[in-house]
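In what comes next, subunit A is part of two complexes: it sits with subunit B in the first one and with subunit C in the second one.
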Partner chain A sequence: MSYFRITLHRSAIGLPERTRGVLAALGLRKRSQTVFHPVHPQFAGMIMKVKELVRVEEVDRPLSKKEVKAERTPEPGFYVERPAEGGRVGL
Partner chain B sequence: MFGPFRITNPLSGGLLWKIPWRLSKFQKARQRRRLRAVDSVVETLHNALAKKGQTLESLERWKAEMPTEQEMLPKDKYTIFDRKEKRYRKGIHKLPKWTRVSQRVNPPGY
Partner chain C sequence: MSRSLLRSVLELRTPVSRLSPTPLLPIRARLMHQTSQIIEPSPVAPESIINNTAVKQPPQQTSTSTTPPPSNPVHQQPSPLSPASLDPSIGTLLPLLAAQPAHYITIHIHGRPYLVTAGDQLRLPFKMPGVVPGDVLRLNRASTLGSRDFTLRGAPYVDERLFECRAVVLGTEAEPMRVMIKKKRRCRRKRHVFSKHKYTVLRISEVKVAKLGEMEV
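Presenting the complex of A and B:
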């Protein structure tokens, strides 16, 4: 089972109600939001309607919200060698 | 200086056409990039559905009727047919929402 990974790249402000309705149906509310939908002609047709606004990839499994966030979070720039005395365990 | 009686070119009765009649090279480059982005979305959909042996009417029509960015003539990338215009062509940036709509084919012969 493969999925479409759909990211809203361009805003639909000022575009017809039909176009904004398609985005709402896909579950896209704001720019650079990512949603996953199974590869199916129904979803492909919806993507065709908004192809100028989105970026699409085909992926094997849908990522959770946390995983998508982790992808675009930059490296913190440090790592914890040893937790401080009396510090929280497991950090 | 300010107020309703200020002297500016449009208010002095002169026509000031502030939207350039053609795209700059940077606008053209971005236009080509947007065209290629749409091509890649269509290609992704086509490949994904082909793997499952499924088809989509609108996708097939797009593939059959619309040229890709490489196949398009520069004339069609950057200008659009207009019957009211001299020589029947105007810059594509006169098209409302031109960065977010697909406008690829023009009447044959123009």
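Presenting the complex of A and C:
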């Protein structure tokens, strides 16, 4: 089963109440928020209503909020190779 | 437009023609090298940059007689361990890079680049949680690694087996106290808001280019 990955790309400020209602029904509140919905005509129709505002991909499984955040976060780029000799004082 | 172009071409040409045969030469040559390396794009087409591989720039040939060519590949060893994931040019050019000491490296910490060399003191723009003074950090994300004549560029990162970069945590520094005055209109009351940020200071203790034969796998 595949899913739509829908990201709100443009804000709905100044748009008709009906359009904003569609976004609310999709669960999108603010820009660059991402939601997942199963591929189903019902959701395809909702996406068509707001196609100018969202970016859509088809994915295999829905990601959790944590996983979506991890995609955006850059790698730390370091790790503690050898801790200090005096122990963890002053931490 | 054409005049400015012509002028820029002339300006580009002049340093070459004005090259003096005196001991100034190496300095001039180094300057030219640095500038030209920054400006010039890589001669290799971007299609050849596969992810996690890198492109080497050959030494610039602007002033052939002045700089000695990079020392002959004495260090060139058979590289049996070189994995297939690396670009083939690395096998030939990495020993040349390793043979030129004084390497610089652009490390990425939390996605931000810092261009450093060994011995540098680096004040991060944040306080790193979970480390104490004396900790040795291994920095394993770098986008460029280079010496005077060679640059290894990652796409986007250099393979972490190709270098070793370590840093020692020296401690934290604090900035001077900031005072911000908050004031509302038509009201005499002023509120002072203080803030004082702390920053972690690192010392880059080691920048080493790996030899292909003894690469960690």
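What we mean here is this: the second predicted complex is superposed on the first by the 81 of 91 C-alpha atoms of A that agree within 3 Å, B and C clash if a C-alpha of one lies under 4 Å from a C-alpha of the other, contacts with A are read in each partner's own complex, and residues count from 1 in each chain.
What we mean here is this: a contact is a pair of C-beta atoms (placed from the backbone, for glycine too) under 8 Å apart; a residue touches a chain by one contact, two chains touch by 3 or more.
All figures in this text were calculated on a predicted structure; none of them were measured in a lab.
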Which superposed partner A:Leu15 touches (first subunit B, second subunit C, both, neither): first
Contacts of A:Phe4 with subunit B and subunit C, given as first, second, both or neither: first
Subunit B versus subunit C, judged by how many residues of subunit A each one touches: B
Partner chain in contact with A:Gly27 - subunit B first, subunit C second, else both or neither: neither
Partner chain in contact with A:Leu53 - subunit B first, subunit C second, else both or neither: first
First (subunit B), second (subunit C), both or neither touched by A:Gly45: first
Touched partner set for A:Tyr79, first subunit B, second subunit C, both or neither: second
Complex contact set, residues of subunit A against subunit C: 74-86, 88-91
For the subunit C and subunit A complex, residues of the former touching the latter: 107-111, 130-141, 166-167, 169
Subunit A residues within the subunit B interface of the complex: 2, 4, 9-10, 12, 14-15, 39-41, 44-45, 47-48, 51-58
Parts of subunit B lying in touch with subunit A, wherever the complex brings them together: 34, 37-38, 41-42, 44-45, 47-49, 51-52, 54-56, 58-59, 62, 97, 99-102
